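What follows is a pair of complexes built around chain A, which joins chain B in one and chain C in the other.
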Partner chain A sequence: MFRHTLRAARPLARTSAVRAYATEASANRLRVNLVVPHQAYLKQVEATQVNLSSTEGDMGILAEHVPTIAQLKPGVIEIFSATEKPQKFFASGGFAIINPDSTLNINAVEAFALEDFDGEAVRRAIEDATRRTNTGSEEERVIAKIELETYEAIAAAVPK
Partner chain B sequence: MSFFWREAGLTYLQYANVSAKALRNVLKDQAKAVAIRREEQFAKVQVWKDGKQGDTRVIDASGNKLNL
Partner chain C sequence: MAVQARNMATLKEISMRLKSVSNIAKITKSMKMIASTKVTKAQRAMEAARVYGNSATALYTHAETASAPDSKDLVIVVSSDRGLCGGIHSSLAKGTRKFLHEHPNSSLAIIGQKARAQLQRDQRAKIAITFDGVSKNLPTWNEAALVADEIIKSGVQFDTAQVVYNQFKSVIAFDTVTVPAHSLKSLSESPKLAAYEVEEPVLKNFEEFTLANTLYWGIAEGNASEQAAKRTAMENATKNADEMIGKLTLTYNRSRQASITNDLIDIITGAMAI
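Coming up: the complex of A and B.
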């Protein structure tokens, strides 16, 4: 009976990884994959922190983050690295999946760098979408509301 | 948590595509030209009857008025 207990206890003693709160002092890095259906923007890029905007709130993801699946809101994804300048992308939506091995997979439907957006076009689009939220059928209004959410997020993110 | 679009009868897929289309709409010219092609979806419908090909009808759901 005791011999069995000893054998069962040994695997536990061998475990060295300890789940703790993610800290900035962590030696591990995040490995980030940012993909859209037609292109992979980032493949296994090492990052110290990634900021993104989820339906549950804004998140700052460090290495050893609790494994999570987060639904993205239209918003900026910011990737901080130890060696490079921070990269920013604006994604229309999608999912961010944080795995136990600190890989972060961001699957977006559409995403572009902030420089690719036209500020004037966004302003006009906001006016147009705002008008459309009050006219038309129920479905057209909801579609206009979704578009407005996206346009307003872009307006907040893109520098003038 | 129930989303407003879900309550109005839209699916996540429809929501995601509306959002993506809105994003493509406000890109700068160069990026937009490449991106707008991703919206092109069309179907050519031909009805066959008695072994004969009927008229061709083009269904262009994206409304981008492609030249075919």
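Coming up: the complex of A and C.
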């Protein structure tokens, strides 16, 4: 009889434990992972808001955002947190996935902190890419056009 | 006279053998040192690739994507063109054969000449596409993306790509594991995908992106495992060579002393005869 009551009590304990865990996970904080193939820039960093630009338009992501899979356009990713200064990275492309448990996984092919960019080098790169959009085979022109798009986005983002 | 000649010939043979084994020991020792430095670099690249790969495939866990039991799979074997690395390539071939046995309706994509040589013997019909010369140096994402691109361009149909690679457990241990990269079809059928807001073309791009990411992960880990196994193999080879040198030196000295003793016996019996 004693054993029977114990068995009945156990399932209840489990469900209440699960419920408590779920509330904890979706607290008012977004957890951000920003990774590129050779480095993890941000690992499980708590943020209040993340701004990024996707192929469907610019997005501002807060905690408890609806789960989304978004493809990134070349542009700036801004991470705002309650305790630190906002961090800005420029990413060339990739994907951002918001999961139901308020984790944001950003996989970028290439990304660097905005302050690491050299305005002069970007200007030269734009000139070079513009020149190449008018010469060469079809494939080379398309490649140059994509490069130009990326460099212009960097130029727009880098502080003068 | 004849006995003398026989001993001297043996002596010369032994000393030649001793010299060649010493040279081999030097070579394997330097190969071991090169592999040791490469292991540390490869391990660092692998740690980053792991974080990247896990982040990229986290969606599968949340959306509970799974491949159907009768799905048409593409097995992508991640090996390399380099040998002298212990059981790396045989382990991959064994794991691949086991998987093909359980999923006979699969095709094969092979990265690396060594695994191709092993699998060509009995699975030639299943091979859809092979790659040589991948990751000559440290693995790069660009290479993985190119491989993924070629696989997609080749038009081979599959529900799930299964990437078979050697997972790095430690400097002396590795495990052959399989990691899935799901196709658009499998992804769309995930039970919990409906929770996500996503446009169809984005999902298609995501499928291709994840294939490249999973391949990069497999190549980076496989590279680290291979360098570690090469280091161990070369260490064992050097140890064996040193052992052989020890034994040969003893044999050489014994032969030399025996030949000297024989000379002495001849001289003394000759002197006694006078």
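A few notes on this one:
Just so we're on the same page, the second predicted complex is superposed on the first by the 133 of 160 C-alpha atoms of A that agree within 3 Å, B and C clash if a C-alpha of one lies under 4 Å from a C-alpha of the other, contacts with A are read in each partner's own complex, and residues count from 1 in each chain.
Convention: a residue touches a chain if its C-beta (ideal position, glycine included) is under 8 Å from a C-beta of that chain, and two chains touch if they have at least 3 such contacts.
Every value quoted in this text rests on a predicted model; they were computed, and no experiment measured them.
When both complexes are superposed on chain A, chain B and chain C sit side by side without a clash.
In the superposed model, A:Y151 makes contact with chain B only, not with chain C. Of the two partner chains placed by the overlay, only chain C lies in contact with A:N105; chain B stays clear of it. Touch criterion not met for A:S53: it reaches neither chain B nor chain C. Contacts of A:D116 after superposition: chain B is touched, whereas chain C is not reached.
In the superposition on chain A, A:V142 makes contact with chain B only, not with chain C. Of the two partner chains placed around the shared chain by superposition, chain C is the only one that A:I97 touches, whereas chain B remains out of contact. Judged by the touch definition given at the top, the superposed model places A:N33 against chain C, while chain B stays out of reach.
Once the two complexes are laid over each other on the shared chain, residue contacts for A:T68 go to chain C alone; chain B is not touched. In the superposition on chain A, A:K43 makes contact with chain C only, not with chain B.
Taking every C-alpha atom of chain B against every C-alpha atom of chain C, the smallest gap after superposition is 5 Å.
Common to the chain B and chain C interfaces on chain A are residues 38, 55, 94, 109.
Taken together, the chain A residues at the contact with chain C in this complex read 33, 35-40, 43, 55-56, 66-71, 94-95, 97, 99-101, 103, 105-107, 109. Contacts from chain B toward chain A in the complex involve residues 1, 3-5, 8-10, 15-29, 31, 35, 38. Interface residues of chain A facing chain B in the complex, by the touch rule stated above, are 38, 55, 74, 90, 92-94, 109-110, 112, 115-118, 121-122, 125, 129, 138-139, 142-143, 145-147, 149-151, 154.
Chain C makes touch with chain A in their complex at residues 45, 48-49, 51-52, 55-56, 58-59, 62, 140-141, 192, 195-199, 202-203, 205-206, 209, 213, 216.
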